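Take a look at the structures below.
Each of the next two complexes has subunit A plus one more chain, namely subunit B in the first and subunit C in the second.
Up next is the complex of A and B:
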């Protein structure tokens, strides 16, 4: 297991370099000099401040030097400061000489996106395992057909459209749910319970919209996986030795179906992070997606590159955890590794 | 055609796609109005006999705009997936055929591309390159080939040591001939299935980008940007939001049904091959 871990960790180094290369390359796709495009949004920027920017980002040096200088800063987790007027640090808080702390932009946004997606993942897991198993056990009977239809529609629904309609219907017409942000006005003055309730109310729509696609794909996956496993010989053996149908389905078949799910969840992380752009923009939630979208529109390069890099690194770690989880959960692989 | 009728999923998907194709091709003849004609006397009219889907904030006929919008979604879907399939098949073929270090370099690159959140990548590139329909198609294509690569590579790896391939190699067939005449034709079905499913997600991505204002630009209509306009009027003009979303849903559903249906149809054969 240890050998596998070390090998897996070492593999991440070339991956990280590749990711940093791509993030760096993207920034240089922009036509012209980044100080020019930056100043286009800030016409007051003087020639002097442009010079400063150029020096700060080493734009006067050759590309290779620029990249290696940028990489040196990234390794120290220094993603620089935003181009926006508040000039907040991109990643983490900094203290100035007077001891004032300025919080990092990603530091603020990441927990929000993580919270929405983790709650979403939990719901996806519970519901899709339920739907997939019901579907598989009733193959080609009405529950299976009904669930399949729902799953296909869930796949095809444009999330932003559903979000708009739900927002209008539950929020504007009926005023059941708040339609934007994460907190109501006067959140600070509420008691702890009321704060939680308020947060949950705000989270219902965004979580629902963000988990719909995953729900559809994982239900389908569980259904097909169950159907495959149920045909295998060890299931026949389990039935032959007189186990109840419940034990066969949940004790034997489901456990074998769930294993590969670990990998699937790892692979779905970039989709979830990327998908947060539209949902967060619609519901005005200041998570990673909205931060990225706003930064892209304002050509705030340090933020764009910072989020691209951090988002990819998170995915890498997600996959790493998924792989380790898989190796740990599957005795066949675990044995294979220790040998 | 005969295969399609055996599977209701595939058949209904096929019918939907053919209808969308028909609408896209004949949009100029089917649409009752010029999609970009601004009529300030008929702003935000609800659906009626003269405007089937009502009019928008500039008095343009939504039905006509929807018909023209089908062209965009079709074009984006097919071109983007075309690009992805060509790149993916090429890299997958090279990796699976030559194996060794070429394979590991290509697959590491795939892993890297897969770990960057795709929508972030697309957004950044589009915004920096200025949004246009061509840029969108190219960028979606360039960021969605990885699945095809993995698939083609896996197919090639499993076919590579079959006797008929070894026989062809022994008889002096060139690498190019082995790949194009023997290996590729035998990997075609999974490529087709993935491509059809890929069109569905390309259509969704395009509509999402247009919705964010980074996609197809006005006055050209796409389902995504009709919806963006509709967002402003959602309180008093529901038809502006409802119809484009439904159109996207039905089209994406069509591609998914067709893709999954084809996969089901071709599945038994695949299983026999593996055994």
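Up next is the complex of A and C:
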């Protein structure tokens, strides 16, 4: 098992280099650079000064040189600074000699996105398992039909549209929930409990809207898996033994259904750091989706590469964790690995 | 955006009936006398990146930094130059030397004295090659800058340079005592600025909001409103929801919201005041003069006659815009009132096209010359208003027998693959209606290299000469004549077709008092330090 782990970890290094190489060159295939942003289309900004900026950012060097410069920094875990005029560090905060701390861009955006996605993932899985089991047990009867219809509607409704409707209904007509942002304007003056409550209130809509889409696929996955398992012979055996229906469904069938879900959980790890651009824009939450989108539009290469690198590392680790989790849960796989 | 606005628009109608929100009934009417205090909350679509504006370059940054830093001179409400921290300025008889006399007892918000040394230091920064600023070129024309005494700042130009005054009306003066040992590109001062103007930074939460508070040592006097909070809300539909829920006081709105949504709802009309002001830019259809047949003035004029500008203003902007006849803001001295846009005249257009050699020889509805049909492509970037404009132009030009295709391209590709290479027939883009009349960079024939701004390849000796003359003449009356002559030639040459100048539309909570109406040429914000919020209608006191 340890050998297997080491082998897998070592394999990640060439994989990561390959991924970064491909992302780097694809990124540079898109025309333009930071100096060509829309605000730079200003007659007061001369072409010479743009050339000067390009030289400062090494954008005038050949691509291979730019890539090796980037690689040299990244092996020291230095993600560099954004090309944008604030020059903030891409990944983590830095401190200047006067003790002023400049926060990293990913450092700011990641916790927010992670929080929303983790809560969302938790809700999706708990709810999907429940809905999937209810559907499967009541196959082709009204609860099954109802759940399928609702889940599909949730999947099909455009998120931004639903978000705006809910914002209008809960925020403008009723003022039950705040409309956008993560904190109220007077957040700093609140007590600790009130701050938590304020945050929860702000999270309800974004989490609800972002988890609605995932609900459909996973609950159907659980439903179909459950149906497969319920038709297998060991279930008949269990029933023949005289076990209660609850024990058959939850004790035997569900446990077997959950196995493939481990893979899905593993594969959703990289998704945890990716936010939805539209959702974040509408709810005015400055998470990873908006950060990445803006960086791509601005051709802010260090930020784009930083997010892609972290994303690919997480994807590779997610795969690994899924495999290990699977091996842990299923003896057949475990034996395959150790042999 | 439009699609979303329309959706919201419908739901506003459907949902208003079931509103059970207990609104706090503010009484916004009546007369109020100005008082200090209160918080104004507005929404910004983008977060400022850097509060040192010579480095920043985005509009959000300059909107905030303009409240923190001062300039030597400024544009007043009629867009004429006026003193700011310079009490007066004098121009030498050879027009090469400008001497600024600073006001006395100026202070930075940390108590240090603000002197001409700071101005000199700022000039050195903006012209330093190590400074990451795109705006250095105007200031590099200064041959010698000096600060002979704490109140005097003098610049000597190699040759008279008329846009110089405009450049000193945009340069924000930075504190030498803070920045002298810092790397301007990385200084923390860009996130924790020490300024001299009305406000100072109180708090900046990344990705969320930025709050300014009135600075007691402001060299401009104390503003009425004590706190300005800007919330960063990228989506304008969400901003609008926050506005109608009374969570923000101020936002820029679109024509549908201005002309349809708000007027149709009495509850919104009661609490929101609407303002329109002529924006600072115009939208044009520009031809690539190096491509056939756009090198022919008759063809350009014909297209100008064939496009109905009022139709575009009505259709795209719901009437909330003006046609322009020169690249200057109507109402300022540079805009010649005697010039009028080309009227819509289909027959004139057809005649001109015939004179230029275009005829529909094969009767397919499309004109031909030398056997080739008149067909061209209009490029524009992803901007809803420009796309809609292109469609209206396409239809009008079909009427006169010109086949138009439309292509919408992402901005960076647009600039690099088409504008820089000159690989386009026609573009729909915008230019700013600059406050200084100098437009050498846009229209002079020497400015056609890749990356320069005369990418349409406009070339007219007479215009070149006028632009050169205008650059060296500092007397406003003489300049006015020069630029009126320039605008006249530009209009008749028609290298671009002026389509419209849209209004900037603002919805503001009626709790904000002291806003000047009708809007002066400089826009509503020019006296924002005089705005006030009467304590009886303040949000915080009642709601919390």
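Some points to look at:
As a working rule, the second predicted complex is superposed on the first by the 296 of 339 C-alpha atoms of A that agree within 3 Å, B and C clash if a C-alpha of one lies under 4 Å from a C-alpha of the other, contacts with A are read in each partner's own complex, and residues count from 1 in each chain.
One rule holds in what follows: a contact is a pair of C-beta atoms (placed from the backbone, for glycine too) under 8 Å apart; a residue touches a chain by one contact, two chains touch by 3 or more.
Note that the structure is predicted; figures quoted are calculated from it, not measured.
Touched residues of subunit A were counted for both subunit B and subunit C, and C has more of them.
In the superposed pair of complexes, A:281 makes contact with subunit B and with subunit C alike. In the superposed model, A:217 makes contact with neither subunit B nor subunit C. Look at A:175: by the touch rule set out above, it reaches subunit C but stays clear of subunit B. When the shared chain is aligned, subunit B and subunit C each come close enough to touch A:161. Of the two partner chains, subunit B is the only one that A:26 touches; subunit C does not reach it.
In the superposed model, A:299 lies in contact with both subunit B and subunit C. Comparing which residues of subunit A touch subunit B with which touch subunit C, the overlap comprises 30-31, 160-161, 164-165, 168, 172, 281, 297, 299.
Listing the residues of subunit A that touch subunit B in their complex gives 14-15, 18-19, 22-23, 26-27, 29-31, 152-153, 155-162, 164-165, 168, 172, 267, 270-271, 273-275, 277-278, 281, 292-293, 296-297, 299, 304, 307-308, 311-312, 315-316, 319.
By the touch criterion given at the top, residues 30-33, 35-50, 52-53, 56, 84-87, 96, 98, 100, 102-103, 108-109, 112, 160-161, 164-165, 167-169, 171-175, 178-183, 185-186, 188, 280-286, 290, 297, 299 of subunit A touch subunit C in their complex. Against subunit A, in their complex, subunit B makes its touches with residues 108-109, 111-121, 123-125, 127-129, 200, 204, 207-208, 211-212, 227, 230-231, 234-235, 238, 241-242, 244-245, 248-250, 252-253, 256-257, 260. Of all residues in subunit C, only 4, 7-8, 11-12, 15-16, 18-21, 41, 47, 49-50, 55-59, 61, 129, 132-138, 185-186, 188, 190-192, 203, 205-209, 229, 231-235, 237-238, 241-242, 244-245, 247, 381, 411-413, 415-417, 431-432, 434, 439, 441-442, 449-453, 540, 544 touch subunit A in the complex they form.
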